[in-house]
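When the chains are written out, they are named A, B, C, D, E and F in that same order, and each has its own residue count from 1.
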Amino acid sequence: MSFHTLQGFFAMGGYALYVWPAYAVFFTVLIADTLSPIVRRRRVLRELNARLARQSARQATQASDTTTPTQTAASTDGSRPCP
Amino acid sequence: MIRPGLARACTAMLRRDLTLAWRRRGDIAMPVLYALIVTMLFPFALGPEDTLLQRIAGGVILVTVLLSMLLALDVLFSSDIEDGSLEQLVLAPQPLALMLGMKILAHWITTALPLIVATPLLAAMLHLPAAVIPVLLLALLLATPLLSLFGAVLVALTAGTRRSGMLLALMLLPLCVPAVIFAAGAVAAAQQGLPWLAPIVWLAAALVLAVALGPLACAAALRIALDA
Amino acid sequence: MIRPGLARACTAMLRRDLTLAWRRRGDIAMPVLYALIVTMLFPFALGPEDTLLQRIAGGVILVTVLLSMLLALDVLFSSDIEDGSLEQLVLAPQPLALMLGMKILAHWITTALPLIVATPLLAAMLHLPAAVIPVLLLALLLATPLLSLFGAVLVALTAGTRRSGMLLALMLLPLCVPAVIFAAGAVAAAQQGLPWLAPIVWLAAALVLAVALGPLACAAALRIALDA
Amino acid sequence: MTVAATATPLLEARALSFHRQDEPVFAPLSFQLTAGELALVEGDNGSGKTTLLRILAGLLHVGGGELLWRGQPMQRDSCAGDILFLGHQLGLKADLTPRENLQIAAGLHGRHPAKTFASVLADIGLRGYEDEPIRRLSAGQKKRAALARLLLLPATLWLLDEPYANLDRVGISLVNRLLETHTAEGGAALVTSHGAVSFHGGEPRHIRMQA
Amino acid sequence: MTVAATATPLLEARALSFHRQDEPVFAPLSFQLTAGELALVEGDNGSGKTTLLRILAGLLHVGGGELLWRGQPMQRDSCAGDILFLGHQLGLKADLTPRENLQIAAGLHGRHPAKTFASVLADIGLRGYEDEPIRRLSAGQKKRAALARLLLLPATLWLLDEPYANLDRVGISLVNRLLETHTAEGGAALVTSHGAVSFHGGEPRHIRMQA
Amino acid sequence: MSNWIPLWLHKLSSPPTFYRFAGTLLPWMMALALLLGAIGLYGGLVLAPPDYQQGDAYRIIFIHVPSAWMSMFIYGVMGVSAFIALVWRIKLAEVVAMESAPIGAAFTFITLVTGSLWGKPMWGTWWTWDARLTSELVLLFLYLGVIGLYHAFEDRRQGARAAAFLAIIGIINVPIVHYSVTWWNTLHQGSTVDIFGHSKIAWDMLWPLLTVTLATKFYYAASLFRRARTDLLALESGKEWVRQIAQREGKR
């Protein structure tokens, strides 16, 4: 035990201004590192659900597109049967 | 049929360019990063002598910021020309000058503003005295839109040509020099504790003129350039 | 059926890029002009004190030249990607690394060489002692291809992305720093009359390595980046 | 083209010509276009169709002859917003989505009050792709995103440069339907195409270009 | 596609698939292509035709299934130079002339010894435009400049993405003639198109894409 | 994928298996990290005597040095898995490489900040351009470059491959960081800790240091597992097992 009082501990032999910020940075950065995937996980799941919904909408249109009868002979810019 | 008012058209334009910039927000940061790199390289290249660095700090930062801005200038219209958006803009029933003014504003917001925000950091890196920083910021706030406006006119003029790079640089040089002289004058005066208002006023006057005429000239130049 | 030999393919590639550069010769001049502007602005920004200028001349020129080179770097592949030429190159029955090596060579010839040629002029503008100029040139001759090669790999990596600018700057920074340190070390040593060979040898060794591995890495990176 | 129109034609060209480096791009051209009419611009590659459309849109200066808009010499101010031009380049920002691109166009040109962005995009066949960046769409989907402007923006004269290219059969008949509704509502359209347009509202007027 | 081919097919796909962000772009695809054959890739906009061609060209990685080239798993080295790909982007440098663009392609790929640049460009319909920068050509002329590669470069398999778009009638029949000669000489081709290709050498194989 | 890869490894590299495996192991790793961290820091901050030269300022060592070691260790892990990802295209290797990068960047950042907080009282300056400091800064830029490149691509697997490539190129920087103190003469101090041989520092100071080092290793494992699980959900979003999880947890 190298410190005998709590003040002494917090004073860090006069280097408190350097030691404590260092520890603060250490913990802040690591806590942020811990939290960010948790937050992201929530977002990923939310977006995933939204995308599942969108996908089913897209499939619905594609189904209806193929059922519409193609209209009468309109030819394209690049599709004429050549004589 | 809803015809949009001027205000709506302006916001549409501004929003468009800001959204585009945001989609490529990496590119916004590029001038800032270039400026950072330059200021970081200077201590390497010159040796980390505090007094020397401090002596040249104001000038180096001014030159760096203005040049970083120029970097982003020549893409002001090029992508719009390539994908045909500029044609659509010219054909819109809105005053072209105003729309271009919005484009220039968006460009200033996305290139100059981040640079100005980063300036205190650059200044700290080169140990510029804290008292000089407000003057430096003021000088930049006036000089950067001036460059944006003048630059836009020149970019518009060279838009139709294929060899735009050299032309642009060549024509911008005479424009940069006075801006740098006045801005650097103000910063140097502040650094030496002298009155620094006069050069700032000159810059402000030039800016007022440029805001009024720049977009008009830009529109005219662009119409000429597209007509090929 | 005439299958082209490697030599013919290389010359075809090199000729292509040089012709393209020549068609837009204005753009070749741009980095040189930027470098000129920067060196011209420095006396304005710092005041025309000879001793101060002379003191910082070597460093300023190095930083300026290398940054001017970086300016032209991110367009190395972009136009080829946009118009589909790069796909055609990837599909050609030639070793991609060699072809990319030729592209990098062409890029170095069109951007770095003019800058190196202009360097004595820049040096004169900032009153760099004549005796230092050969060392400066030597350092640039070694540092610029190094940057070209490393830069090309990074540009290739970011080729498929939309936010390339900032990334490129971010990734290039760690590369610039050692190059600048060694080159500036040599110049500073020469300016003080000390032996300057050691840093030059380091640069040369790095260059040899880069020439051997750069194009290969570039080809691998490009294949990854195009695969979308 | 000698029939005297009772109403003033929307657009009239009299011996219109255009020069590049003092060479005429196409032979002098005269035609009229009245409201409710569709004109088909035909010609080989390089015969000057795109050039003609760009002149009519006001992007290129008239080289010779006269160009009248509702009987008056054509001026930028008088026809601004009345003309919609769709060229080989689509005028879409690759980083924005179809919806955002439409919003910009509407912000500049105004729009039909009855239609929403979502409904227009669904009509043009981009349902599910409203919020995908243009860059990630296929060639035909990009074309559709550009064509969506026709549905949303108010304009009397449509200048369409090869609107059918890259579209599938459904897309082609969609454009045909668009043209029919537009002319039925009193609009007019100039369309270039290398194929035949099937236009139910009668035989379209043909404008042949010769280099 | 169940017919056992006597000769090994040039190209064979077995349950080929491709994924973007883990979604399949098209349903697994199986087909064979032998020398002398023409296959037509059909499908709506966005059904994955371009994606398929880019996979076959080796520009995209196979997502699932197998791709065989002359009976062996397809590898870059084994088929390099045997495949000619023409996409939506033409791969032309806008600042160079058609002749220079061809020269570059020939420098990389080699060329038929019997043909000269001038004769190829004349055949493709660009006589008089050989030394004009691509940038100054019309859309159809650009397309022709890209198609000139088909005439000059040696390759067994052609992958053509909408080669007919932007071409006039003469141009379309020209492409058809090119395809006929190519298949008659033992080459093979995969062509995407939204219209019908009239192919005199027999009914082309059809590959239908479904998203 | 070659068949010499052991079967269990092959099985583990299947995303749903790894997802479950990491899920069970995660709490244990985190608990160990917290426990060892608490013990080590108590030993370092409270029990260890002050340094005869540096006084109590040296107590920054208990986070500075473990973080510095982690910054290099994680780069090594990232480089190896990047190599595996590029050569064998194993999805899990891509995930491990890409999700190591932010953790590595965090430790590098901590190293830089704690180092300069230590440097001010010891050397009289926050920062000098000395070889170790500069190479550590370059390491941070490399991490940031890898992260940025990964996110710059639309297709995440393609981004992972591109970034993996960059990570492999950058691995030359790791030996430079480590040996910079011996290759160039620097302000930064040379090796003082030698785990297997004779360390130059007292046991009272050494054991907390080693305990915290072990804690950071466990922390890395926990954080990596957590990140990899999230990433796998995003990457495998087309698969049935992810859809089930999404439906199960999306409702909450």
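Quick note on the criterion: contacts are C-beta pairs under 8 Å (C-beta built on N, C-alpha and C of every residue); 3 or more make two chains touch, one makes a residue touch a chain.
Because the structure is predicted, anything quoted here is derived from the model rather than measured.
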Between subunit B and subunit D, the fewest steps along chains that touch one another: 1
Chains linked by the largest number of contacting C-beta pairs: B-C
Intercentroid distance (Cα basis), subunit F paired with subunit E, Å: 48
Whole-Å gap between the CA centroids of subunit A and subunit B: 33
Inter-centroid spacing, subunit E versus subunit C (mean Cα positions, whole Å): 37
Distance between the centres, which are taken as Cα means, of subunit F and subunit D, whole angstrom: 59
Touching two or more other chains - residues of subunit E: 23, 44, 88, 95, 162, 165-167, 169, 172, 194-195
Sequence positions of subunit F contacting 2 or more other chains: 148, 152, 154-155, 237
Subunit C: positions in contact with at least two other chains: 23-24, 162-164, 166-167, 170, 173, 177, 227-228
For the subunit E and subunit C complex, residues of the former touching the latter: 57-61, 80-85, 87-96, 100, 103-113, 133, 154
Partner subunit A, residues of subunit F touching it in the complex: 45-50, 55-57, 59-60, 63-64, 67, 102-103, 106, 109-110, 113-114, 117-118, 120-121, 219, 223, 226-227, 229-230, 233-234, 237, 242-243, 245-247, 249-250
List of subunit A residues in touch with subunit D within their complex: 54-55, 57-58, 61, 65, 68, 70-80
Subunit F to subunit C touching residues, read off their complex: 134, 138, 141-142, 144-145, 148-149, 152-155, 158-159, 161-162, 165-166, 169, 173
Complex contacts: residues of subunit C adjacent to subunit B: 23-30, 33-34, 37-38, 40-42, 44-47, 52, 55-56, 58-60, 62-63, 66-67, 70-71, 162-170, 172-173, 176-177, 180-181, 184, 188
